[in-house]
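The following pair of complexes shares a single chain, chain A, combined with chain B in the former and chain C in the latter.
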Partner chain A sequence: MSTDSFRELKAATGPAAEGQLARSSTAGQAPDADATPSAGTGTTQPGSRPAGRGKKPVRRKGLSERNRPLWMLIPGGLLMFVIIVIPLFLGIYMSALNLDQYTLRKWVSAPFIGVDNFVEALTDSPLLHSVWLSVSYSLIAMVVTLPLGIAAAVATQNAFKGRALIRSIFLIPYVLPSFVVATVWRTMFQPDGVVDSALGTFGMDGGLWLNGPQTYWTLILVQIWASWPFIYLLALSGLQSVDHEVHEASALDGALWWNKLRYVIFPYLKGPLALAFLIGMLHHINNFTLPFVLFGVPAPADVEVLPILTYVTSFQSFRFGLSAAMAFVSLVLIAIPLFIYLRAVKLDDAETPGGKK
Partner chain B sequence: MRFTPSAKLAAVLATAALALTACGGSGSSSDSTGGAVDGAGKKLSVLTGVNNQYPEQQKEWFKDIAAKFKAKTGADIEFETFASANDELTRIQTSVVSGQGPDVYSLGTTFTPTAYATKAFVTLSEEDWKKVGGKDRFNQAALGISGPDAEHMAGIPFVSRPFVMAYNKDLLTAAGIEKPATTWDELAEQAKKMTNAGTGTFGLATGYKDNFDPWKFIWAMSVQAGNPLVDGTNLKMDDPTVKKAYETYFGWLTKDKVVDPAAIGWSNSNAVAAFASGKAGYLMMTTSSSVPTLDKSAIAGKYAYSVMPTTAPGETAPKGDGDKAASILSGDNVVVADYSQQKDLAFAYIELITSKEEQLNYQKIFGELPANAEALASLTDPKLQPIAEAAGKSKATPFTGAWGDIQLGLLNVTVQSIPDLANGSVDDGALESRLKDAQSKGQASLDRAAKS
Partner chain C sequence: MSASTTSVRGTVSRGSAGTTFRPGSKRQHEVTRLLPGPMLAIILTVLSAIVLIPVAYIFLASVNSDIGVANGEFWPSTFSLENYTKIWSSVGLAKGLANSVLVAGATAVVSAAMSVSIAYVLVRYQFRGRLSILRSLLALQSVPGTLMVLPVFVLFSSAASYLGVQVIGTQWGLFITYLTFAMPFSTWVMVTYLRGLPRELEEAARIDGASNLGVLVRIILPLSWPGIVVSGIFAFLLGWNDVLFASVMTRPDSQTAAVALQIFGASQEGGAIPLYGQMMAASLVCAAPVVILYLIFQRYLVGGLTAGGVK
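Up next is the complex of A and B:
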């Protein structure tokens, strides 16, 4: 999962950021800052990326819009259709079927039961509880990782001896596969394990980490540990896009570090961080490996997050129809706030570079 | 076990699944009793679990069997392996939906009812049974989970993997115990004698966080008290016998204090490790697969296996089928796909691998108990005797497609009780409400099974 998001990140920040990560000390050569925010829309609208690459997208818009070679979208569009749209509609169709191990063999002719699965998902299953758990845990983890990531990025912005090493070390949690992270933490959190005995030396009783109410916080803690470098990476790419002249100008104006950070640097970070927030939230909500390996199934009721619930419904109870309905309901529930968020931070709006102001 | 980037796809993708007690085998070698099948120029496709413990030997075995099969029928065999239960379920799902794929599958026993419910595998007729060497060649107990009744069987037993307990001979002798316990009450008494918290020695080693063990205890104690859990279309999980079983199982930790308190975080392998270090009198719910580990440990030569108790807690003798419920019926079955175009060839292959000779050969290489009755009876290693005995005293879990859900419900009661276990006692009301919850979910699942 982590490699995927790294790819997304690269795609999102475009070739500019990629180049900068490679030769981070030559920040002065950073191309037009427009590249970051407008390219950010690349994840939602792949077609608009060529416009973001240009130096002055706004002025060239008229021309490029007149002769846009839209047909070039066909291969990509076709793939999207096959890989995303068809399964999505199949999923919606499945959610209206009474599809289980008894009907799987001829699944197309499984009994059609309309909205029954949706009714059961909403009234007679832990779905809403799971949505609440997923969203709240994702949000808490996100709110904690944001300052951590920014602080780490700011701390490694200026050159110092051993910076490259520190930067590499910061990325370790992000590079490790989720499975490994979860296995290691699971071992450390065992009753009488490393964590408990470490707390014991301070006279504290850690309690149960892998069962009971505390599991919720265990999940958040491990998620934070695993995902803050992602924020760090995006914050770093944002910092790289700050022109050398801007530093000079603020220095000439006599701005001290906090004012400079608050009024000069942070506005540059707004775009990348808004994007990081979005991608991060989606990753947390969809993170299956971490809770699955940490707690196993059946999961303690306090960490029965969405992916675990859909997994158990599909592959332990074999209620494929019901779990498709659950997945669809949660998709809608999560899509609404995301849509509002997208409008609010204007990430989906190529004309208004979100990172600028 | 990746989850797709969006929740919607999760349900769509036909990946994954637990419930399988993975592993599987395929068998080997020839005795040419079966009717000659001419398979010249044909190729049989066999899907079986990868053996992580003996990967090299497994490759050798594939080659060996393929050669013998060729000699017998003239056909080739193509072995495919799956690495996990997930892989297997994916293969089964795609094959079932598309109607093409391997001819022969290996299935874990507890997954057989679910597979049977898909109706994608051949239910053997009398004729078919003859082609695999006759029903009589198998250990009759092993047939218990091949189908819903004697006339409708799809699973052909290949190996048995019954559950037994191991005991530390030195610790038992030191505590003045002559014979391993045969009732659960006696087991707790003996465990108390061996427990010495000062030295970190405990009477029993078992993992409360294991994904399978807890429900097997509850199932065994309930069945031995006369409650089969599933009675026709009714689930009996709200029965007092089930509650008593949980109380006994939890009581080892909270009341008798004969289990290491850390066991609330243990899986079965942690329990094996504790036993292997000589810190436990009994190792519960283990199989012959623990032999290689234990023989390399500090207690090599100092342990033995025994059949687990068959008398329910609080009782003096087994009730109902209790004396036949020393273990769940566990092992691997092979099934033939309904869509297969070469079923006779498939049966000839199964006839080959379930022959006495090949079953003994397989036992020698991989340590798995034969499902072939003659082969089982001819085992002479005294260490394996109790395990062979347990194979004869294994009782099938209820044959219903709802069993996966019921098993999950039984396990879930333990999972949700672990915080209470850590605090030293499980509240009576909480236990009852968890049981009630499991009962209603399991009953709903049974109702669905009855309808289809």
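Up next is the complex of A and C:
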């Protein structure tokens, strides 16, 4: 994203930094680059860019502990607190209330029923079925999109005529709004619609796509169509980290294309794809728009994934307390991949803020 | 690392004097090639077809008749552009688009402004709780909307009954909700962007006596506009693409395009066939602003996607 403007910046700041160095060396300092940071102790000395970045705790501290504009965090922090944190706890509290359309208006005085909603959600509701649907559908969609995305990234890695066009085409499903994707596929999957008539020309009977047990596979199919470009993007970023020397080495060894991919290139993709896997799973499990617009509510039982079940329990059956309990269970489910993700992501580049990549 | 790579590069170019390894040369192409030609052609053709056939279908169905679409025609038997004129009057699509532009646009602007100032503090200053804030920015991106919609709805309706502020059913409710849910990702995008900026200019400005706000406005803002645009666009997309909150918290006069589009499927004409042609035309109209934004800022957006790793 930032490469070009960053290069301009380098060009703009380069001479200034050099001038700074030159000045400090004329002031009797050793022209050794490592000596400059220690020379700047105490005074805030700008420049000295080529010298050991991030090894200047005294200067950094002096600059960053004085007069920190922490107030800039307040508006956004307040907003996130009021609209995310408070409702989060409100939701947990509501899961212990007997809330329906009559008690919702005065939810503060609604009867407190403890863990009854959780007991009902786990024993006497389609919740566990929904958990199974959500997890299995997310996994299947993920397993299919991975090879698609990798193949696309490998195919567009080398320059050829029209590559820019192909890359743009590959991102179309990702760019289109989910509700548009779902609306279009819903139209295509209508009984006797274009999918059925296409299958008919091959002598196949498609059956019902938007009703009955096949809906599960309809949802997976559309999810795959919509989300493989995300894998493609992350695989592409992984391929770009392959050093040129690696290509040369494998060319010198005369590696065949499959062996080269399998043993040389794919190891580079492990990191980005593991990240893509986690984030993709989170997206699929949280995806409300796609099943909601594809099938409408109440959805067929075979696509009643967690977000749909939670929504229907709230806004169709008006069992708000039960729905809050279900939402809490889905939060616990989400927490597993989220926890791994948060552990894996590097929050900072260095121990000091502002350290460069 | 850098020393070893340069030495390797040096020996290679010296050893193969005569055959050039210049980037872009034919020789170079052979070395970096990953797939044999036919394989490449098959992958590109199949994937392009998978993407383009449904996309082409949207265009074709939007100029088709409702009966033609219902009968499963891929190629329309009758061409007509009248669906594109009818969509403006049959359901409130125009009003929905206007609401979407208003709400998503306001979300984009405010979210970009707030996220750049938060990211600036997070990147440039050291303070207790900084890492926790960074971590929660990532975690909050993954909080499911279905978990939040009911409590937020209750919170807003409580605001109406206890404070007398009517939020539900207005554009304000959607704006505040989208703004909040866009902030974590927009801020994360800005954090990754600002990290790439060198500090020297800011430090020089400080020497010249610039205040914190002065540095932000005079130095950071002009340097980071690509990042600001990207974080604003992601906020816009969040508002534009949302169905969940829009379907719960709007009235007919404040509904967004995403909600209006669903009505085409429900409205039926004469012989109980939904307005398929108009629905496809309206789908294209709803997708257009997003696609145009993407085409204009493609280079930056793709980088932002992989930097943040989230849609």
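Keep in mind that, in the parts below, the second predicted complex is superposed on the first by the 246 of 357 C-alpha atoms of A that agree within 3 Å, B and C clash if a C-alpha of one lies under 4 Å from a C-alpha of the other, contacts with A are read in each partner's own complex, and residues count from 1 in each chain.
Here is the rule we go by: a residue touches a chain if its C-beta (ideal position, glycine included) is under 8 Å from a C-beta of that chain, and two chains touch if they have at least 3 such contacts.
None of the values given here were measured: they were computed from a predicted structure.
> Should A:Gly114 be classified as contacting the first partner (chain B), the second (chain C), both, or neither?
Neither partner.
> Could you look at A:Val312 and tell me whether it touches chain B, chain C, both or neither (first, second, both, neither)?
first
> When the two structures are overlaid on chain A, which partner does A:Ser330 contact: first (chain B), second (chain C), both, or neither?
In the superposed model, A:Ser330 contacts both chain B and chain C.
> Touching A:Leu210 in the superposition: chain B (first), chain C (second), both, neither?
A:Leu210: touches chain B, not chain C.
> Touch test for A:Asp192: chain B only (first), chain C only (second), both, or neither?
Once the two structures are laid over each other on A, A:Asp192 reaches both partners.
> Report for A:Ala301: first if it touches chain B alone, second if chain C alone, otherwise both or neither.
First partner only, chain B.
> Looking at the overlay, what does A:Thr103 touch: chain B (first), chain C (second), both, or neither?
After superposition on chain A, A:Thr103 lies in contact with chain B alone.
> Chain B or chain C: which reaches more residues on chain A?
Of chain B and chain C, the partner in contact with more residues of chain A is C.
> On the A-aligned overlay, A:Leu148 touches which partner chain: chain B = first, chain C = second, or both, or neither?
second
> Is there a shared patch on chain A that both chain B and chain C touch, and which residues make it up?
1, 87-88, 90-91, 94, 104-105, 107, 179, 190, 192-193, 282, 285-286, 288-289, 292, 306-307, 310-311, 314-315, 320, 323-324, 327-328, 330-331, 334
> Going by the contact rule at the top, pick out the chain B residues touching chain A in the complex.
Those residues of chain B that touch chain A are 1-13, 15-19, 89, 93, 96-97, 114, 117-120, 209, 211, 261-262, 264-265, 401, 404-405, 408, 411-412, 415-416, 418-419, 422, 445, 448-449, 452.
> Considering the complex alone, what residue numbers of chain A touch chain B?
Those in contact with chain B are residues 1, 4, 87-88, 90-91, 94-95, 100-105, 107, 179, 190-193, 207-208, 210-213, 282, 285-289, 292, 296-301, 306-307, 310-312, 314-318, 320, 323-324, 326-328, 330-331, 334.
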